[in-house]
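Both complexes below contain chain A, partnered by chain B and then by chain C.
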Partner chain A sequence: MDAVNWLLLNAGDAVLATWSAVKVGAAWAWSIVDTLLDPLLSVVLACLNPLCTKLGDLVYAILSPFPIWIGLTLLSVAAGLIALLAFRYTSNQTAIGRAKDDIKANLLALKLFKDELGVTFRCQLRLLWAIARLQRYMLFPFFVMLPPMLLLLAQMGIRHQWRPLQPGEQTNIELRLTDEAPTTDTTPTEPITLQPNPGLAEIVGVPGADRTVWRITAGSPGRHILQFHLGAESIEKELVVGTEFQRVSAIRTRHNWGAQLLHPAEPCLPADATVASIQILYPHVDSWIHGANWWLLSFFVISMATALIFKPLFNVRF
Partner chain B sequence: MKPLQALTTIMLSLTAIIIAGSAVSCRPDEVDRYPKVVVLGFDGMDPKLCERMMDAGKLPNLDKLRKTGGFKPLGTTMPPQSPVAWASFITGANPGGHGIFDFIHRNPEEQCMPFYAAAETVPSDDGWEVGEHRIPLTFWPFQHNPTQTLLRRGGTPFWDYLDQAGIPVWIYDIPANYPPSKSEHGHMHCLAGMGVPDLLGGYGTYQFFSTDTPSLKREPGGVRKPLIFINDTAIATLTGPENSYLLKPASTEVRLQIHRHPTDRSARIEFQGNTVVLKEGEWSKWQKLSFELEMPSFLPNEDVSGICRLFLQQVRPELRLYVTPINIDPSDPGEQNITEPPEFITDIADELGLFYTAGFQEDHKALSNKLFTDTDYHSQADYVLKERLTLRNYALDHYDGGLLFFYFSSTDLQAHMFWWDSDEKHPTRPLEEAKKYHQTVVDLYTQMDDVVGETVDRFGDDATILVMSDHGFCNFRRQFNLNTWLRDNGYVQPSNCKSLINPRRGALVNWAETKAYGLGLNGLYLNMVGRERDGIVYPHEREALIGELTQKLLAIRDPQNNQPIIAKVYRSDEIYSGPFVATAPDLLVGYHRGYRASWSTTLGDMARNVISDNSSAWSADHCVAADQVPGVIFSNKPLLKREPALVDMAPTILDAYGVPRPDTMEGASILKSDAVTLRPD
Partner chain C sequence: MNCGRIQRAAPSDGTPVGNQNPRQRLCSHTFFLARLALPAAVVILAWPDTAHAYIGPGAGFAVGTSLLAVFLAFFSGLVAIVLWPFRWTIRAIRGRRAHANARIKRFVVLGLDGMEPTLAEKYMAEGKMPNLSRLKEEGTFSRLGTTLPPLSPVAWSTFLTGCNPGKHNTFDFLTRDKRSYQPLLSSVRIRGSSRTLKLGPYRIPIGKPDIRLLRRGKPFWNILGEHGIFSGIVRVPITFPPEKFNGVLLSAMCVPDIRGTQGTFSYYTTRDEHDDYISGQAIRVQRQGDVIQSHLIGPENSIKEGAGAMQCPFQVTVTGEGRARLQVSGETYELKAGGYTPWVRVTFKAGPGVKVRGICEFLLLRTEPDFELYVTPIQIDPNKPAMPISHPPVYATYLAKSQGLYATLGLAEDTWALNAKILGDDGFLHQCLEADEERETMFFDTLEKVRRGTVVCVFDGTDRIQHMFWRYIDPSHPAYNGQAEQQHRNAINEHYERMDELVGRTMKSCDDDDTVLMVVSDHGFNSFRRGLDVNVWLEQNGYLTLKPDGRGKKYLAGVDWSQTKAFCLGLAGIWLNVKGREAHGIVEPADADALRNEICEKLTGLQDEEAGELAVSRAFNAHRTYQGPYAAEAPDIIIGYNRGYRASWEAAVGQPTDALFHDNTRAWSGDHCIDPKLVPGVLFCNRKIDTPNPRLMDLGATALELFGVPVPPNMDGKPLRLADPDGTFPTNGRAREAKTSDAGEPLHKEQLAATS
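Let's look at the complex of A and B:
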């Protein structure tokens, strides 16, 4: 038993060490990709986000007479159909058809010649090769569809992931400073203030070395522009108060393509700002269909189902 | 698939969904299948105060019940303590039938080692030892015993008979039923109340952090920890549950980072990615905490989820932060089972969010330890009541026939701290203040009257409504140290001993010369040969010793006013019957109103004086002679039994459904006259 324990404990330690190394490696690799992509994507997203947000507002205004889950369903169906058509015209349908036929043929061969060891091995190899080919043919349409799909999901996210604060509801606003911002041990050298606003019924703030947190109580409904002052520097952030379904911008950050992609509703903070980000902790939308995180599942299930149902109609193979 | 086929499939699926939905909505209504019986249990609601307030027109709804149905004092148990009384309500039996005789029992095999009477945690004694851990493998072929908590209340609860008869039962916050008893037939839903521990395993351990606490200090009900601020930031450690998988169990911890505003009276507290900003005097909402139980490296660590609220009592000159006992998380209770069926708790939490799950919700210890002011306690107790009223609304909304029982602790735990109905000197407050706070009890009764009114309005005559309490209340002005008295009269030896069990108090008792000892709030045990480990009293000496003790106890007078202190001394073999009588105290001391066993008596300690003033904020009590603090019973149906008692409640409920009363229950329906319920034999 001692030997088993020794083996298990050392194996466990080895797995944990490997996992830590993988995480460190992945983080390092991502930081390189991020550094390489950021100068280009950040500029592209800064141009695209306002357009996409306006388009999103228009689409959701059209869907507004319907219950939210119907709007989500219609949008998912439309996305599924568009993605299907995009796939139809950007993929090599003939090659995909051949790869699928090869897969079917080899599966059939595996069933028919299961007693023939040599045939079985050959079929398995061919099967793997056909699957690899199929994956390769999928790559191009996938990369074509990825950008518009991400932009669409970002627009859906700012509407389905968080909801506006209700009047009287409390939450926190967190303002983070950049590493370069001048601070003492505990507080910024310049006092940071959040100006009174009709959207704020109460403000209680506590500064810290790297960030200041305000607990706010939502005031009157509407889209409010909050003003933060840090010495001579003035920063704005949108606050949404209301009971209706509408988009909210949870975070406003400095230029970074990842943050810009996920939070497209507000322009980036100025590059020379001492503020790194301002985040409003909006509550999650509470719904099993269109609420936080579930909307994404609903979207994929409905859009995939749509694509599968309409696949024969448009004669698409995948 | 052809396009037409695809469209046909969609249409057929939609049609099937619509038809299925219609079928569900057209299901026969089950609302009226079972008679409705609604029982509202107000712990400690006092009949005298009720009567005074009804006469003054301040309890209109209860007064209406008094006039249309009935109102009577409800005979309580001896001792009139909540776990004992509610266990008798549950089983319809006297304490000899359910085995709960006090909050605290003793194990005679270990002479007088005390333990909580209603539940017992049995640690795992076997498991797979690997590295620094011991993992119980509960599956075949190992079948190790995991650490588990067992319900020690004996007897059969009345709801088992209803469950068997297929009658739905909904029980909320019931005391003396933790862990909740199982429903064999699936018709019972129960949320356990008094007796449910916090995550630290006790009955409420607060954690208090302050800059004016010089060093860590443990006290009954909590622990005080020092805080040191460096540049307005301090680090604190919140202690969580023990990791019982470790061979040497150690507490888990969560780190708190506290930032104090440099100039304003506010602070922010950060832990596990959460940030709470509070102004001085503010309470936070419920906060979730995750305590990680470290496992061997080849297994994933386990997480235990808990909830707490933070109270920023003061920011300057000293920062004082109170953290409630860490309650079991109702949305993620893990292995902690506090409801039957186990998923009932998450169903409630899905709808209501987080709420107190520990049995003692009002933190009276924080007030007794002078950590809370009266206002702090009142605000915390008020929050508890608000939560319970929300839970009550949930209970009513989900009730569709059968039995509904709902328990309120506020009438007990607010009364313990705020009740004072005389002009005598209050233990801690000037008389004016005492009167002011007694008014909060009066106001609370008015709120409870509204609860009754809402229930009556909702059900009218469609339901049998029973409003009851387990005991009444009285001032607790003077405390009697039973063990000191026994020592001074030679029943406990040596004459200089200070405690039965705690060596830190001073000299311990010599059991070879000790004939009797006190433990718990009313219990007096003889040191019997063959029962106690070091017993010296032989059975043939028992009667004489009981007679002698009874005579002497009844003769004791308070030197302050020459009034008798003890109203009655009960013999357990006379007032109890049932399978558990042998484990009961031999005698039960029934004090006069105004008196109670001293704090030190309960755990076997001795004080300097036999009788002294109560100096605690716990200024009212009910652990006196049973006939001095009856409870209440109101009903919208005529109360026909002449002297209803707690043990009658279970038979009353069973009778409402035509379920025969089992022989283990000794009472009879209070809605039938005594003549009718007499048995032919």
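Let's look at the complex of A and C:
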């Protein structure tokens, strides 16, 4: 009885503690997976990213005569169709059909036999089981579609999430050092410099212990390569200035497959570099349709609608 | 994860762009995309959220569906739990406390259409039906009085209403149109919407089609429902269109195919000559190389003026001898001679966005020397029924979703195709067994779902197989023809054994003291060796006159109505041509009863001189036999044939021939449309019954009595007296003594008067 009282009294803490433990466990598990995947995926992405970026440039060049939202719509429709067909041919349509039928049957049974509580509970259990089966049948097409879809979204992200700096516009550039970089309490032991560049009209540096921030004013339009010097080490970062719709690379980081996947436009920093990342705080694209964050919602809605419209035509069940 | 790394960095001191903290912006961007880049599959699958959208619309939609399903499941469960006490209270307040006066929790009727008591006894004695034997030993086995005439639509209507046919208005499969003398379906009338909106070539129907149940009387499950008792009714004949009540119901006999007929098969062949088929259509096709292209024939296009019947194209490619590939409605099926496809969904396009969906099965008969393909009647798709076939309408869909597609046609087994020798015995048997398997799944699902209330399910296989395979067990049958060595000589025996196994499984799921299980048949069976052409008999006796060229014309087209007093149409009996009732009537209403008696007298004891046998046991004056508001709608005379006889095929379709009796050489070799005393049904029960001579019409009243529901005074059936689980009979007066007629006899007016 004491144990029960103790449990009741500490139930909230117990839940929180359990949740924390789950989170720690998940993080630990993921770090292991990350460590295992990184050597392979880094190499693969190092090869794929330049190709994908070139392909992305080509596709967006083709779409450039259209307004941006039309380009996004066309791309979403194409992605929806390709995903639909991929799903059609990589999934077990019969099994998915059965699972969906089971879901519908049990939902109808809940309506038809509502006076029987026992039946209601049994139907709910069967319903959950059918949902679990449906999710299981989604696994294979999920894994098949995952890589191309992520590569596509990364390419779209570097175009729709941020816009280039406009001439005269101010922003920050932040350079972070690795934990291994030699520093004093307040500054790095080696001075960090940002070389003047036509793309930079004005530079004001603010050094810190593990990162340096430059306040810059955008200069002439174009793609500029910024040069950073840290002692003998030299690092480059692309800066885009202009008023047109074009891709930008907001951050360049050290070798890691996750960062490579999300920021495909520039190669990773060398593995032995003392710089952890260089980030340019580009402004968000401002649009409710194709602007920052909204582009993803638009993509989701349009591609889903496309899939739903063409689902009967291609006889796909999902 | 990436977001976590960045968060560990020191905050920026710079001025935020766009009034945002750079760290926050960086974090939000990276976190946003990190959710894409780091899709830890386990996390995503265990925690379905918008991330699924990123891997494709299909998965996104599926997750959406799943979440919706989960939500609906819990919501409906919660609602069911919360509302249950309220529902119970409301019922109590309205005086409908379900089960308050019930002696049992569940009443289960397993109908085996046409099970013959003598065969059942024989197989039980041979030890082939152990489960029915056990039911007999532990409970009851008895003959069950059937109806006059002993036909399924009549008998099952009597079963479900507890009334004689004079009160439920079903006397045969067919009746006649009083104006045109043409045959009409007796239990249902289907008409398209009467009002349409004309838009160019299109006619848009306004309102629903008029589908009217002509059977009268209230099924006992409707009465139970009014008292809060739930029922699950599966494929009981004459329940189309379905009526509203407290329960679920799937209609059976008289549900049409999508062409509106009672089942029209299609036969595609490259042969030049072929016959005209009853309930079937032969379509000549051309073979070009290995490819045959044709179309399925659907219903008339009621949307587009002058468009004719809708079509669904298909293509068959012969891939070898006895093998082919079928492409229809976007799907491909491999065909092998002698093997059916599964149910195939086919779509007929009526106009822009208007489709009619059906289901059918294909059977490749042969590819050489001629191509021959059989297609079952195209039936209503239970997923999206073109007309209501269940109550509530979603029940048909529920069954389709839970067990797959199933036959929806009233008479699902294509006896006509076997009669026409398009189908072989194997092909027909496959249909019977498949239909029974589908029904068994429905039945046990209903038993599982309905734990308290009534469950009734009728299996048709016994009836259809006995109709078509009786020739194998009757050596004196004209179609027997030394075929006793054939593969299917034991088809009836084997099917009885299958039904016994079904009974065993049913007993297992009803193995509690609170369930009363009855296994019943609506009538028995006998041989159909010789057919009496009743119209010829009427002609020979001066009651019917043919036009000079009228002999051999179907549907009474050759009858001279100005000189005809009586005619035969359908299986049950004879109609008088009464003045003021029939369009060209000549019999004075005042003379009709005398004429009925006169014909009955002449027909009773009619001998088949050629065979030296009694052909007609008795003929009944229907107006003295039936009682109720619809008694006048009955055929004037019902013929009770002797064993081995029935109305001839020609008499049934009103086609007078030149001979009085005909040998029946068709596969349809067994029948039951004879004197009802010769074909009683069976009654097995897991309780003792001490009522002598139980009748089919008593079962509805028995159900009401068992649930403590008053039996309506207009119900002719009386409750059977059932023992309690301990074997004792209740003495509290709830079980009233049944008033019955003679053994196995139908209830007659005189008898009703005597027992009331």
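One rule holds in what follows: the second predicted complex is superposed on the first by the 288 of 318 C-alpha atoms of A that agree within 3 Å, B and C clash if a C-alpha of one lies under 4 Å from a C-alpha of the other, contacts with A are read in each partner's own complex, and residues count from 1 in each chain.
Here, a contact is a pair of C-beta atoms (placed from the backbone, for glycine too) under 8 Å apart; a residue touches a chain by one contact, two chains touch by 3 or more.
As the structure is a computational prediction, the values presented were derived from the model and not from experiment.
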Which partner chains sit in contact with A:174 here, chain B, chain C, both or neither? Use first/second/both/neither. both
Superposed model, chain A: greater residue contact from chain B or chain C: C
First, second, both or neither for A:236, with chain B first and chain C second: neither
Identify the partner contact of A:11: answer first if only chain B is touched, second if only chain C is, both if each is, neither if none is. first
Touched partner set for A:207, first chain B, second chain C, both or neither: first
Once the structures are superposed on A, label A:309 by its partner contacts, choosing first (chain B), second (chain C), both or neither. first
Touching A:114, do we find chain B (first), chain C (second), both, or neither? second
Classify the contacts of A:154 with the two partner chains as first (chain B alone), second (chain C alone), both, or neither. second
First (chain B), second (chain C), both or neither: which does A:30 touch? second
Quick check on the output: what are the common chain A residues between the chain B footprint and the chain C footprint? 172, 174, 206, 208, 213, 215
Per the contact definition, I'd like the list of chain A residues that touch chain B in the complex. 5, 8-9, 11-13, 15-16, 172, 174, 184-187, 204-208, 213-215, 309-310, 312-313
Looking at the complex, which residues from chain B come into contact with chain A? 1-3, 6, 9-10, 129-131, 231-233, 259-262, 264, 266-268, 275, 277-279, 296-299
Chain C partner, complex, touching residues on chain A are 26-27, 29-30, 33-34, 80, 83-84, 86-87, 91, 96, 100-121, 123-124, 127-128, 130-131, 134-135, 138-139, 141-143, 145-146, 149-150, 153-154, 157, 161-162, 170-172, 174, 176, 206, 208-211, 213, 215, 250-251, 258-259, 261-262, 279, 281-284, 292-293, 296, 300, 303-304, 306-308, 315-316, 318
If we count contacts the way the header does, which residues on chain C are in touch with chain A in the complex? 1-2, 9-10, 12-18, 22, 25-26, 29-30, 32-34, 36-43, 45, 48, 50, 53-63, 65-66, 69-70, 72-74, 76-77, 79-81, 84, 87, 230, 248, 330-331, 392, 394-395, 397-398, 400-402, 404, 448-452
